[in-house]
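My questions all concern the structure below.
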Amino acid sequence: MLESKSKKARVRSRNSKFKIRNSKRKSRISNGSASLTTGFEFRIRPNVNLGVDAVIGDWVIIGEPPRGKKPGELETQIGARAVIRSHTVIYSGNVIGDDFQTGHGVLIREENRIGNHVSIGSHTIVEHHVVIGNNVRLHSNVFVPEFSVLEDDCWLGPNVVVTNARYPRSRNVKEQLHGATIKRGAKIGANATLLPGVVVGANALVGAGAVVTRDVPDGAVVVGNPARVVKRVEDIEEYKQ
Amino acid sequence: MLESKSKKARVRSRNSKFKIRNSKRKSRISNGSASLTTGFEFRIRPNVNLGVDAVIGDWVIIGEPPRGKKPGELETQIGARAVIRSHTVIYSGNVIGDDFQTGHGVLIREENRIGNHVSIGSHTIVEHHVVIGNNVRLHSNVFVPEFSVLEDDCWLGPNVVVTNARYPRSRNVKEQLHGATIKRGAKIGANATLLPGVVVGANALVGAGAVVTRDVPDGAVVVGNPARVVKRVEDIEEYKQ
Amino acid sequence: MLESKSKKARVRSRNSKFKIRNSKRKSRISNGSASLTTGFEFRIRPNVNLGVDAVIGDWVIIGEPPRGKKPGELETQIGARAVIRSHTVIYSGNVIGDDFQTGHGVLIREENRIGNHVSIGSHTIVEHHVVIGNNVRLHSNVFVPEFSVLEDDCWLGPNVVVTNARYPRSRNVKEQLHGATIKRGAKIGANATLLPGVVVGANALVGAGAVVTRDVPDGAVVVGNPARVVKRVEDIEEYKQ
């Protein structure tokens, strides 16, 4: 376990191992091929595999075990050039690609699969068993529950809320959790709400504040509560190729 | 005051007293009948009465005095088996039951009354003088203002916003704050908004994204902005007994 | 750089300089004309100019450099009597007036101009290049994006979301960012959403949960999704002079 307080601690990278000594300043350690830049008060639990050239802020936890697991029991992988900003918590069992970055105060629960070039904004929460593709942007204060699927190139604006339980606290609710699917290139406007199990089609645009209760066709623009199709993305000048 | 940095610190539990020594690892201390598991950087202010078998994460504050009060002036009680996850702040003057748990980065202001088996999700804010019954679940990113009443068994989904000021910044706004009441067993869908003073009836279901401007009858299902009754909970197969 | 861990650290105030020694308790330092009260684990980066009588909580960062800037490259000014509560992050290049206060876990990005007597609630995010007048109150969980303008005396309720990108991920989106303007004395109800570039008129009132897609006239009351004018503020008894 890497503890910033320990006199010597190791963080394993794919190419190298670093020893961190307790430091009064932000530390930057390099062995030629790779570097690690950190605050000086953070936690990296055992069995965390960090790619090269990572930056880790203060008061961050990486590799936190979920309930019933021991520290290090699940491996945590984060690719090259990760930037994990202050006050962020990432549980164990995640497999995260290269060029990952988080804002401040992000929470990522266990056992998600996250692609390359993904950016997760400040204060956003990603629950467990979520699949996120490449080049996905989650803005600030977003909530993504377990079993959601976010395909490549999709974009979720600030305070978007995705859900997965149509009948909370009903019988068998756990067996009936049904995450939303956001298809490739879809964009979800600020403070929109997606109901459980809805599919937002490829390149669709959900308006800010919309409440999406039914599937959205590929390339459709929907707005309102409940959300209704008002036009096509290809009719918007700014999205024309 | 228990400070994780102090060489020796005491936390009083109902059954026992623990001394905590500065530790480089998560510490688990037991005296046979009770245990305390902690991160190694947190604050417990004076006059905090923690039940047995508590778990306290890193960068947590418990017993923070509200404005105008001194540390320890108001007693803080938290029952047995509490789990307080990292980055959470709990003010003084709270009386909280057994089996309480918080997610990460939760804020609970002063002088609330909270029952047994309550779970408050990550990043949620509970203001002051709130009454929360037994077996209540607040999900992530919820906001509950002062003078709200949440009865037993109710459930608030992610990003639910409860309000209490109908006319912000009007004359006498402080005297006219009027919290919402969520009756026993009611369920509030994700990102719904409750206006000041509304009463959501027992076992009612408020749809995700709804804006509740009037009282909701017992057992009603409401959706939309403004929310309107669309059916009865007993008509939903999943809620039949 | 002031590091709470360093044996001696200085924080520059407009009237005085303090030395902070590592302390096991909250520290309060006074030189007669001014005082500084702090937790004992926080970061103040170089070139932060704090006014007199500041209070800084634990696990706070002030003066964090934005991408591409070095620590201290941009000056950070915060006026007299600031209260910065725990887990808050304030970037460099901000110019903030007197009597500023934040809740817990606030994020304020770089290069904003913020007036006197401004209060920013817990978990709220203010992005960069925002202009905020005097006597403005942002409640909890609010999101304010870059290029927004919040005039004197305006009020944003909990979970309000302001936006600035009408067509996210379109061509030239960065050049077309267009923040909202909230005019003097306007009040935005809880969980309302403002679309990019809208102007909310002076003293207008936006209802809780409203989705504001068009400009709101001075003194109008709007509700719904999309928001529509339902009455005038001067028709509301509580706002009569």
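As written, the chains take the letters A, B and C, and residue 1 is the first residue of each chain.
We adopt the following convention: contacts are C-beta pairs under 8 Å (C-beta built on N, C-alpha and C of every residue); 3 or more make two chains touch, one makes a residue touch a chain.
Please read all numbers here as calculations on a predicted model, not as lab measurements.
**Q** In terms of residue numbering, is the interface formed by chain A and chain C classified as same (over half shared) or different (under half shared)?
**A** Chain A vs chain C: different; shared/all numbers falls short of half.
**Q** Cα superposition of chain B onto chain C: how big is the rotation, rounded to the nearest 5°?
**A** Roughly 120 degrees of rotation.
**Q** Where the centres are mean C-alpha positions, what is the separation of chain A from chain C, in Å?
**A** Their C-alpha centroids are separated by 25 Å.
**Q** Mark out which residues of chain B touch at least two other chains, giving numbers and ranges.
**A** 41, 59, 87, 105, 123, 141, 159, 191, 225
**Q** Using the touch definition up top, name the residues of chain A that touch chain C in the complex.
**A** Residues in contact with chain C: 24-25, 39-41, 58-59, 86-87, 103-105, 122-123, 137, 140-141, 153, 155, 157-159, 187, 189-191, 205, 207-209, 223-225, 236, 238-239.
**Q** Which residues of chain B touch chain C in the complex?
**A** Within the complex, chain B touches chain C at residues 1, 3, 5-6, 41, 43, 59, 61, 64, 87, 89, 105, 107, 123, 125, 141, 143, 145, 159, 161, 163, 165-173, 176, 191, 193, 195, 211, 225-226.
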